[in-house]
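This report concerns only the one structure given below.
Naming follows writing order (A, B, C and D), and every chain is counted from residue 1.
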Amino acid sequence: MRILSLIIVILTAAVLIYGTLDMPDCGNPDTPASQHVSPRYVTRTMEETATPNIVTSVLGDYRGYDTLGETTVIFSAGMACILILRKRRRQ
Amino acid sequence: MIDQAPILVVIFPLIFAVVTPLLGWWKKDLCYPWVILALSLSSVCSIITLKEVLGNGVIHYHLGGWEPPWGIEYVIDHLNSFILVLVASISLLVAISSKRLVEEENPDKVVYFYTLFLLQVTGFLGIVATGDLFNLYVFLEIASLAGYALIAVGEEHAPFATFRYLVMGTIGACFYLLGVGYLYMATGSLNMADVAQILPDIYSSKVVMVAFIFLLVGVAIKMALFPLHAWLPDAYTYAPSATSALVAPLMTKVSVYVMIRIIYTVFKPYYSIEILPVNLILGWLAVIAILYGVIMALRQVDIKRMFCYILIAEIGYMVGGVGLANRLGVTGAILHIMNDALMITGLFLVAGAVVYKLGGHNINQLRDAFKKMPFSMAAFAVVGLSLIGVPPTCGFFSKWYLILGAIEAENWIFIVALLLSSAINAILFFKIVEIAYYGKASHAHNGDSHGGNTIDEAPVSILIPLGVVALAIILAGIFSGKIVSGILQFAVPPNL
Amino acid sequence: MDMEIITSIKPLLATVTPLLCILLIILSRRIPNLRELWTIIASLVTFSIVASMVKTLYTSKIIAYKLVEVYPGVDIAFRVDAFGLFFALLSSFLWIVVSFYSIGYMRSLDEHSQTRYFAFFAVAISSALGVAFSSNLFTLYLFYEILTVCTYPLVTHNQNNEARSSGRMYLGYLLGTSVAFFLPAILFTYYFAGTLDFSPHGILNGKASNGMITFLFLLFLFGIGKAAIMPFNGWLPRAMVAPTPVSALLHAVAVVKAGVFCQLRVYFNIFGVELLHNQNLDIFLIYFVSITILLGSLFALKQDDIKAMLAYSTISQLSYIILAAGLYSYHGMLGGVVHIVMHGFGKITLFMCAGSILCGARIKKISRLGGIGRRMPITMLAFLFGALSVAGIPPFGGFMSKWFLALGSIEAHQWPILVVLLTSTLLNLGYFMPVVFISFFGKDSESIKGYPDIREPSPFIVAPLAFTALVSLALFFYPYPFLYLAEIFVKSMMGG
Amino acid sequence: MFDFIVGKYNYWIHIILMMIGFYAMMSKRNLIKKIIGMNIFQTAIIIFFISIAAKRGATLPILEHAHDGGEHAIEAISYINPLPHVLMLTAIVVMVATLGVALAVVILVYRKYDTLEEAEILKKIK
C-alpha cells in the first residue's frame, strides 16, 4: 500500500513539475494571469466599486457570487457538524 | 421573473435551506412541505429556463451585472438547461419519497437533514448552471460537504465509509482546483467561454496539458470512474435511504456533465482527441468499468451494494459515450445521463422501500416481495428491464445510440462490453426477481395463496415517486426520438 | 409494385384492446366470472377488429399507422400487410378459443393467481399482434421482447422449483439470443441500410459486402430464438411446465409462430429472397433447418410426456415454415406461410387434448394412456384429427401446406428436401399414431383401471378442442381467407 | 539553466509540499494524520495560487492615493494580481469547512469504534 502511494505521489509530482516547465517565472509581470483579466480590477476598481482595496472589491463585487457560495459552504459545514454530532435522545 | 429564472433555479433551494432550520425550530413537521415547495419552485424555474433556451437560444446571465470574464456568468445552453430540469425534478421526486424514510432512520435530525438536502441540491444545480470554472469548484464543495454529512448519518458503518469518501472527495476537488490554477496561469481567465477562446493558441503548452489532466482526474474521482471508484460502494450502501436515492443518481451524473463541459466546451475536440488521445483512454476505462461493475454486482448479496456496482458500470456507459467522440456517441452519453438518473433513482427508491418495509437490504429479505409489495416490485421490474435494455424502456435507446456511435467509431470492444453488460444485468435482475417472485420454495407448491402473504406495501409517499419514475422510464423511452431531435441534438458539442 | 397505403388506427386498436382489458381484469379480480367475461369480450373485440381489415387487404392495399418517432428514421409504427394480417388473424382467433378453454382448465385444476394469469395472457396476445403489425424491425423487436418478458410469469405459473429452473432457461435462451445476436443484427442493419422499414424486396441489397450479409444472416438466424431452430431449441420443451392453455396458445401459436414470423419477415422484407438466393444463403438455410426438422421428430419419438412430445414436434414443424424463405419458388414460400395456420390449428388441438387428459384423468405420460380413448372419446378423436393434420395427411389442413412445400422443393430443384419432408411425415405418424392406437385399442392402464370417474372434463374444455379439430379438417376444403392472404403476400414478393 | 531553476523553484517547492500532504492522505493509517495530510495538501495549493499572483516590484492590491481625486494614473503593473487572492480567500473557507466536517466525521467514527487507527477499525467492521 505504501509503495503504491509512493508511486502515485511520484507520478503526480512528475506530471505537475512537467507542467511547470512551460510556466512563466515566478514574479514575472507579463504572464497571462496578470494581463488578461486582472488589470481591469486594478485600474477601474475606484470608478466601478469605489473601493481602494482591490481584493475586497473583487471579493464583494465582481465575484460576489463566489462569496455567496463561500458563505453557503460555511453554512453547510455548520449544518453538517450539527447533523453529524447531534446525539440521539435516549428514549 | 422569467428573466431571472436561471438564477432562481439555484437560489430557491439555497434561500429555503437557510430558512429551514428556523422553520424547524418552530415546527418540525413543516420542513417536509417546505423542501417540497422549494424544489417545486426550482423545478418550475428550470422548466421555464429550458423553454427559454429552446425558444430563444443560449441564455447568458451575468451575476451582479458584471460582464464576463470579469464577473461570474451563468451560461445556460441546451445541454445544461436539460440537466437542470433533470436534477431539479429528480431531487423533487426523492424529496417527496423521503418523508417516512427520514422519520424512520433519523427521527431527531429531520430539520438538519432537510437543510442539507436542499444545500446538496443547490450544489448540484450550481455546478450545472455556472459558466465559471472557479464558481464550479465552490458549488462542487457545497454539494460534497452536504453529501458527506448526509451519508455520515446512515447505518452502522456509515461514518468510516464517509471518512474515506471525504478523503477521496477532497483529493478530487483539490485536483480540480489545481487544474483550474494551471489553466488560470496559462490563460489568465476563469470564464469557461473565455478560456475556450484563448486556449487554441496555446494548445502546445505543457501547462495546459497538465491542467487538462488534473481537471479530468479530479472529476473522475467525483464520478467514481473505474480505478477511482473505491469510495463509492461503501458510502452509498451505508447511507440513509433518502440520501442514497438523492446522491447516487445525481452526483455522478453532474460529474459526467462537468466532464463533457471540460472535454468539449472548455477544450475543443481538436485538443481532447487529436492532440491528446483522451477518447482512447476513456474508451478503455469505460469498457473496464462496465465489465468490472456488472461482474462485481453479480457477486453481491446486498442489494444496495449491488446497485452501487451497477452505478459504476453505468458510469462506464456514459464515459464510453463521451469517449466515442462522435455525435451519436455523445448524444447517447447525454441521453444516458437522463436515463441513468431515472433508473438509478428508481433502484434506490426501491431499496428505500425495501429497507423501510422489510427492514434490511440483503437480497434474501426480498423473499415473496412480489406478494407483499406488488407495486414496488412492478416498478423495480420496469427499472430492471430498462437497465437490461429491453425496449420500449429508455435504457434501450441510450444503448442504441451508444452502439451506433461505437459502430461509427469502429470501437468494437465497447459494443461487446455493452452487450455483455446487458446480458449480465439480465442475470442480475433475474436473480433478484426470482427471489422476490418465488419466495420460499416450500409453500409455493400447493397453489394456495390465500393465507399468510397479504399485501404490505411501502408508504404512498414512496410509491408515488417510484411510480412516476417507472412511468418516466417508459415515456422517456417512447419519446426519446422527440427528446433527441428537440433538445439533445443542439446540446451535442457542435464541432464533433 | 406500389400498393396503396391507407392510414387507419385499427392496428393500434387491435394491439391495445387486450391491454385495456388488463385494467378491467385487475379491477374485477374479486369476481372471477366478471373477470373472465372481460377476457372473452376483449378477445372477441380484438378478433373483429383484426377481421375487419381483411377486406381492405384483399384489394391490395396496406394499412399503416405511425405512433411515434423514436429515432430519426425509426418509428414505432404499424403496417398491416397480408402476411401480418395472416398471423394476426390466426392469433386473435385462437385467443377466443383458448380463452374459453382457459376458463375450464384453470377452474377445474383450481389454479392459484388466476388474475395474474389472465392479465399476462392478454399482454402476450397484445404483443403477438404487435409483432404481426410491425412496420419496421425496431417495432418488431420491441414487441418481440415484450412477448418474451410477459410470458415469463405464465411459464413459471406454478412457482415451484421446476418452474424456476425452466423459467431461467426460458428467459436465458430468449433474452440471451435476442440481446447477443438479434439486437446487434438490427443495429448493423440500420447502420448499413439507413432504415429499418420492411420493404417487399428487402433493404439490404447492395448496401453491405457479401461477408457482412452472411454475418447478418447468421445473427438473425440465431438471434430470433423463438423460432426454436437447433441449437437454440432447449427452452421450448422446458416451457411445457406452464399450464396447458399457455402451452397451447403461446407455445404452439403466439410465441413460436411469432418467432418464425420474425424470421420470415427478416428474410423476406429485410434481406429479400433475391439477395438470399444470389448469395446461396437459401440453400444453407434449408439444409440447416432440415437438421432441426429431422432431429426434432426423432426426439419427439423418445418422449413419454405428452407435452414434451408435442414440444419436440413443434420444434420440428416450425422449421418447415422456415423452409419458405429458403425454397426459392412460389409454392415453396406459399407452403411455408400457409403452414403457420395449418400447424397452428393442428397443434393447438393436440395441446388442448393433452390438457383435457390432464384435467379429466390426471395423466401426463403417454405410457399410461392405455384405454383412455374409450373413456374420453371426443378428446382422443380430436387428438387424432390434430395429429393427422400436423403430419400432413389428407383430408386435413396440414396436407395442403406440405403439398405446397413438396411442390416448392421440386420447383427449386432441391430433391433432398423432398426426402426430408417425407421422412419427417413418417416420423410424425410414428410418434402420433401409437398414442391414438393404445388409447382406443390398448389395455386399460393402471392409471385408469381403478378410476371409474374418468370421463370427459367440463364442456369449456372439450368444446374448444373439438372445434379446432373440426377447423383443421375444414381448412382442407376451405383454406380461405388464409390462403388468399398468403397468396397476396407471396405474389407481392415475387412480382414487381 | 540557473535562471530556469531560480524562476521555477518556488513552484517546485509548492509541489513537493503538496505531495507530502498527498502522501500522508493516502498512506497514513491514523485518521487524524490523514486529515493533517489533507490540510497540508490544501494549504500548498493555496500558496501555489498566491504565487501566481506575484509580480516583481509590485505592491499589495490596495490602491494608494485612492482618494486623491484620480490625478495618479493607476497602473496594473504596480499592484500584484488580486484575483488569486480572492479565489484563495474562498478556498481557505472551503478548506476550513472541509476540515470541520472531517473532524466531525472522525468524532463519529471514534464514538462507534473507540479508535482512530484504520487497521483496527477495519478489523472491527469485519
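Simple rule for what comes next: a contact is a pair of C-beta atoms (placed from the backbone, for glycine too) under 8 Å apart; a residue touches a chain by one contact, two chains touch by 3 or more.
Nothing here was measured: the structure is a model prediction, and the numbers come from that model.
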Between B-D and A-D, more C-beta pairs in contact link A-D
Relative to subunit C, the most remote chain by C-alpha centroid is chain D
Whole-Å distance, C-alpha centre of subunit A to that of subunit C, is 68
Whole-Å distance, C-alpha centre of subunit B to that of subunit D, is 30
Distance in whole angstrom between the CA centres of subunit A and subunit D is 9
Here the gap between subunit A and subunit B, centre to centre from mean Cα coordinates and rounded to Å, is 26
Multi-chain touching residues of subunit D, meaning two or more other chains, are 18, 22, 52, 83-84, 87, 90, 94, 97-98, 101, 104-105, 108
Note: subunit B residues in touch with at least two other chains are 134, 138, 141, 145, 148-149, 152, 178, 184-185, 190
Check: subunit C positions touching at least 2 other chains come out as none
Contact graph of the chains (line, ring, star, complete, other): other
Pairwise, the chains that touch are A-B, A-D, B-C, B-D
Residue set of subunit D touching subunit A in the complex reads 3, 6-8, 10-12, 15-16, 18-19, 22-23, 26-27, 51-58, 61-63, 66-67, 70, 74-77, 79, 81-87, 89-90, 93-94, 96-98, 100-101, 104-105, 107-108
Note: in the complex, subunit B contacts subunit C through residues 385, 388-392, 397, 400-401, 403-404, 407-408, 415, 419, 422-423, 426, 430, 434, 437-439, 441, 444-445, 447-449, 477-482, 484-485
In their shared complex, subunit B is touched by residues of subunit A numbered 15-16, 18-24, 31-38, 40-41, 61-66, 69-70, 72-73, 75-77, 79-84, 86, 88-89
Counting only contacts in the complex, subunit A reaches subunit D at residues 1-2, 5-6, 8-10, 12-13, 16-17, 20-21, 23-29, 31, 33-34, 37-39, 41-43, 45-46, 52-55, 58-59, 63, 66-67, 69-70, 73-74, 76-78, 80-81, 84-85
The subunit B residues in contact with subunit A across the complex are 14, 17-18, 21, 63-64, 66, 69-72, 108-109, 112-113, 115-116, 119, 122, 126, 134-135, 138-139, 141-142, 145-146, 148-150, 152-153, 178, 182, 184-190, 194, 198, 205-207, 209-211, 213-214
